[in-house]
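Take this structure first; my questions come after.
In order of appearance the chains are A, B and C, and numbering begins at 1 in each one.
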Amino acid sequence: MSTEFWIAQSFNGISYGALLFLLASGLSLIFGVMRVVNLAHGSYFMLGGYVGLTVALRTRSFTVACLAAAVAIGLVGIGMERFFLRRLHGQVLGQVLMTIGFALIFQDLALLIWGGDPYTVPIPALLTGTVRLGGAVFPIYRIFIVGVAIVVGLALWLVLDRTRVGAMIRAAVDDAEMAQGVGINVPRVSLAVFALGAALAALGGVIGGGFLGVYPGADFEVLPYAFVVVIVGGLGSLPGAVAGSLLVGLLDNFGKALFPELSYFTLFAPMALILAIRPTGLFGRS
Amino acid sequence: MTAGAPALRLDNLCRAFGGLQAVDGVTLEVRPGERRALIGPNGAGKTTLFNLISGALPPTSGRISLFGQDVTDAPAHRRAALGLARTFQITNLFPDLTVLENCLLAVQAHTPTRFSMLRPVRGYPGLLDRARATLASLELGTLGDAVVKNLSHGEQRQLEIALALAGQPKVLLLDEPTAGLSPAESRLMAGLLRRLDPAITVLMIEHDMDIALELSEMVAVLHYGRVIADGPRERVKADPQVKEIYLGA
Amino acid sequence: MIGRRALLAAAAVVVLAVAAPLLPAYPLTLLTQALIVGILAMSLDVMLGYTGLSSLGHAAYFGVGAYAVAIMTTERQAGLVACLVVGVLLAAATAAVFGLLAIRATGTYFLMITLALGMVIWGLAFRWVSLTKGDNGIAGVPRPSLGPLDLSGPVPFFYFCLVSAALAWALMGLLVISPFGLGLRGIRGSETRMQALGYNVWLHKYAAFVISGVFAGFGGTLWAYYNGFVSPNDVQLVTSVETLLMVALGGPGTLIGPALGAGIIVFLKNFVSVYTKRWLLILGGVYIGVILFAPNGIVGALRGRRR
C-alpha cells in the first residue's frame, strides 16, 4: 500500500464524512431537541437530490438547485412535524412507524415522478476536474464538499454558541421541560430545528447527487450511516456530529477498500467498541 | 453481616451535580428496628440521599453499608436482595398491570421463581397467597383485579408501600408516603405505618411534621445537603437551628 | 383466562387443518407464508409488546436462520432436523452477541443500535459472496422430508408449518404468562421500580432478547424451506420495519395480534400488488393509518372495548 493509496483513501473518507456531516448534524440536533426518531431523514436526502436534479436541469444553476432543494424539503419537514409527528411526543414505536410510512410514500412518489433510473446532478464546470497538491491528485468536487461542510459546521457552531436562538436550542437540548418553564417556545424551536435538519439533509442530497448520483434506494442506504454517526457522536452534540462523521467516513472508506467482504462489519465493529466504553456516544450525555 | 452492626450506615456521603453539592458529607447511622424521620426544607437533598442509598444514583464520594456490609458499589438490585426496600415520592407503579400483578412482582423478586418460563403464574399458589396477604395488610385486599392506572391517588400510595413490604425487607426507605394525600387519607396512611413490623428499620422522608414526629422516635434534619441535627425527636424539635430553618424560612 | 384463549387457538388450528386440503394452491401458499411470518412477528412482540423494547433489526435473526438452512441444504444436503437445530442455534448465538451490545442502551439508542446491527447482517449477506452468494442469493433450497414423511407437497408442508407455528405460539404463550413474563411486563411498566424491587433488569432484558432471537431464527429456517430461495432482501431494513408494522397492526402485547397482523400484511402485499404498482404508497398509508387510528392494533382495540 503506497502513500498515495493512504492519502487518496483518507481524503475520500474525509470527503464522504463531510457529506455525512450535512446529513447527520441536522439529525443529531433533531434528536437532541425533540427526542424524535425520524426514519424519513434518509428520504429528505434522496428527495433533496431529486428536486435538486430537476431544478439544476431546468435552471442550469447548481446554486439555485441547492437552495430550491433545501427550501422545498425544509417545507416538507415542517409539514411532517407540525401535522403528524407532533402528536406522537414520546411514543417511540409510533414515531418509527409513522416516519417509515412517510419514507415509503416518498420512495414511491419519487419512483412515480422520476422513474427508476439513476441520475447524476450536473455540477458547475468550475468544480469538475482535479488538482495536484503535493504528489497526490484530488478531485475538486470533493474538496468543494469538504468546504461546504466546514462552512455549514462553522455557521451552526456560531449560531448555537453566539446567538439567542442558538442559546434557546441548546437549552431545549439540555432540558426541554425546563426550557419551556423559563419561557422558551420549545415547540417553535423544535419546528425550526426540524426544518433546518431536513434542509441540511436535502442540501447533502443535492451535493451528494453530484458524485454519488440520485437513485431509488438512496434513502434507506444512507439512513444507517446517519444513525451510526449520531450514535457514535452522541445525540444532540455538534462536535459529536463532526467526530462521528469523520470517523464513519474514514472507517467506511478504508473498510470497503481493504476488506470489501466484511462491508458494514468494519463500520459497526468499531462503533460497538466505542459504545461499549461510552454508551451515550463520544460526546453524548445520558 | 457483622453482629451488632447498624442496619444502615452512611459515611461522609457526597453527591455533586456539576457545581451543586446536593448531598454534602452526610454521616448517619440507623440501628436495627429504629424509626427515624428525615426532614428538611424542599431542595435539602432528601430524595437524592434516598437515591444514593437505594443505588439509583452513584455517590461522588463516601460509603454506604447495610448491616455492616459495604454496598457502595453494589447495584440497586443487589441492595434490594440484601433487604433494602424503598417507596418513591412520585408514585412509581406498573400502571397497566393489576394491583395483584404489581404485588406479585414484588413478592417473586427475591425468589428463583422469577426466572420460571414455562409455568403460568397462577401455578404458584404460595406466591399468590403472599401477595394477597400483603395487599390485605394494607387494606387493598378487594382491589386485586383493578388496573393500577384506574386507582385513586390514595390507593396508589398504599400500593407503593405494599410493593416495598411484599419482599419482606429489613430496611425500609419511605419517601413522603403521604405525598398528595388528603388529611383523612394521611391519617389512614399513618395508621397503616404505625402497624409496620417493629423489626423493620424505617427511614422516612416526610413533609407532614406531625406524622413524621409521631411515627419516629429519632429525627435527622437535612439542610442544603448537610445533616444539621440528628437525635431523639424532642431534642431536635427544640434545637434552635432547626427552629430557625422552619420558622425563619 | 388462558383457558379461553387456548381454546380459541385450538379451534383456529383445527379449522385451518381441515380447510387446508380444500383450498386452491395460491391461498394455501399465502397461508403458509402467513404462519411463518407470524412466528417472526410473535417473536418481536415478546421484545416490543411485553418488554417494551423497540427493535429495528429483528430480521437479522430471521435471516441467520434462513441462510443457515439455505447453505446447509444446498452445500451439504443436510437433513431437516440438523438444519433446524443449526439455524436456531446460530440465530441464538447472533442474538446473544448482539444483545450484549444492544441491551445496555435504552430508548432511541436501542432502536438505532438494533438498526445498525441488523445492517451488519445485511452487509454480510450482501458482501460475503463466497458464503452467501451475495446479491444473487441462494436458490434451490429443497422442501424437507422428516424421515419417511415427504413434506414437499403444499398440503403436507402447510401442516408442518401449522404445527410449528402452533408450537411456537404455545411456547411463547407460556413464556408471557409465566413469572418471567410478568417480569418483562414489569420492565415495560417501570424499569426503575423493577430495579428497586430487586430484579437484575439487564439480565431479564438480555434473556428476552435472546429468546426472541431464537424464535425469529426458527421462523427463518421455515422461510428458507418455504421460499426455496434466500437473499439479502430477507434481512434488509424494510423487512425489520414490516415486522414492526405487523406487531403494531395486530396489537402489541397480545401475541396472537401480531400473528394476525402478519397474516393481514402478507395477504395485502400479495393481493394489492396484483392490481397496482403503487403498493409501497398503500403500505406507507397503512403504517400511518395504524398509528393515527388504531394505536393499540386490532386485537388491542377489541380487548379494550371488552374491558
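We adopt the following convention: a contact is a pair of C-beta atoms (placed from the backbone, for glycine too) under 8 Å apart; a residue touches a chain by one contact, two chains touch by 3 or more.
Note that the structure is predicted; figures quoted are calculated from it, not measured.
Visitor: Which chain is most remote from chain A in terms of Cα centres?
Guide: If we average the C-alpha coordinates per chain, B ends up farthest from chain A.
Visitor: My parser should flag the chain pair with the most contacts; which pair should that be?
Guide: By contact count, the leading interface is A-C.
Visitor: Which chain, with its centre taken as the mean C-alpha position, is closest to the global C-alpha centre?
Guide: Closest chain centre to the overall C-alpha centroid: C.
Visitor: Could you grab the centroid distance between chain A and chain B? Build each centroid from C-alpha atoms only and quote it in angstrom.
Guide: Chain centres of chain A and chain B, defined by C-alpha means, are spaced 47 Å apart.
Visitor: Provide the C-alpha centroid distance between chain B and chain C, rounded to the nearest whole angstrom.
Guide: 42
Visitor: Averaging over Cα atoms per chain, report the distance between chain A and chain C in Å.
Guide: 32
Visitor: Can you pull out the residues of chain B that are in contact with at least two other chains?
Guide: Expected reply: no residues.
Visitor: Which bits of chain A are touching chain C when the two form their complex?
Guide: 31, 35, 37, 39, 84, 88, 91-94, 96-98, 100-105, 107-109, 111-112, 220, 223-224, 227-228, 230-231, 235, 260-265, 268, 271-272, 275-276, 279-280
Visitor: Can you list the residues on chain C that touch chain A in the complex?
Guide: 48, 54, 56, 101, 104-105, 107-109, 111-113, 115-117, 119-120, 122-124, 126-130, 236-238, 241, 244-245, 248, 252, 278-281, 283-288, 290-292, 295
Visitor: Touching residues of chain B toward chain C in the complex: what are they?
Guide: Touching chain C: residues 54-56, 75-77, 80-81, 85-86, 88, 92-97, 101, 104-106, 108-110, 113-121, 124, 127, 163, 167 of chain B.
Visitor: Okay, in this complex, where on chain C does chain B touch?
Guide: Per the stated touch rule, the residues are 2, 171, 174-175, 177-183, 185-186, 188-190, 192-201, 207.
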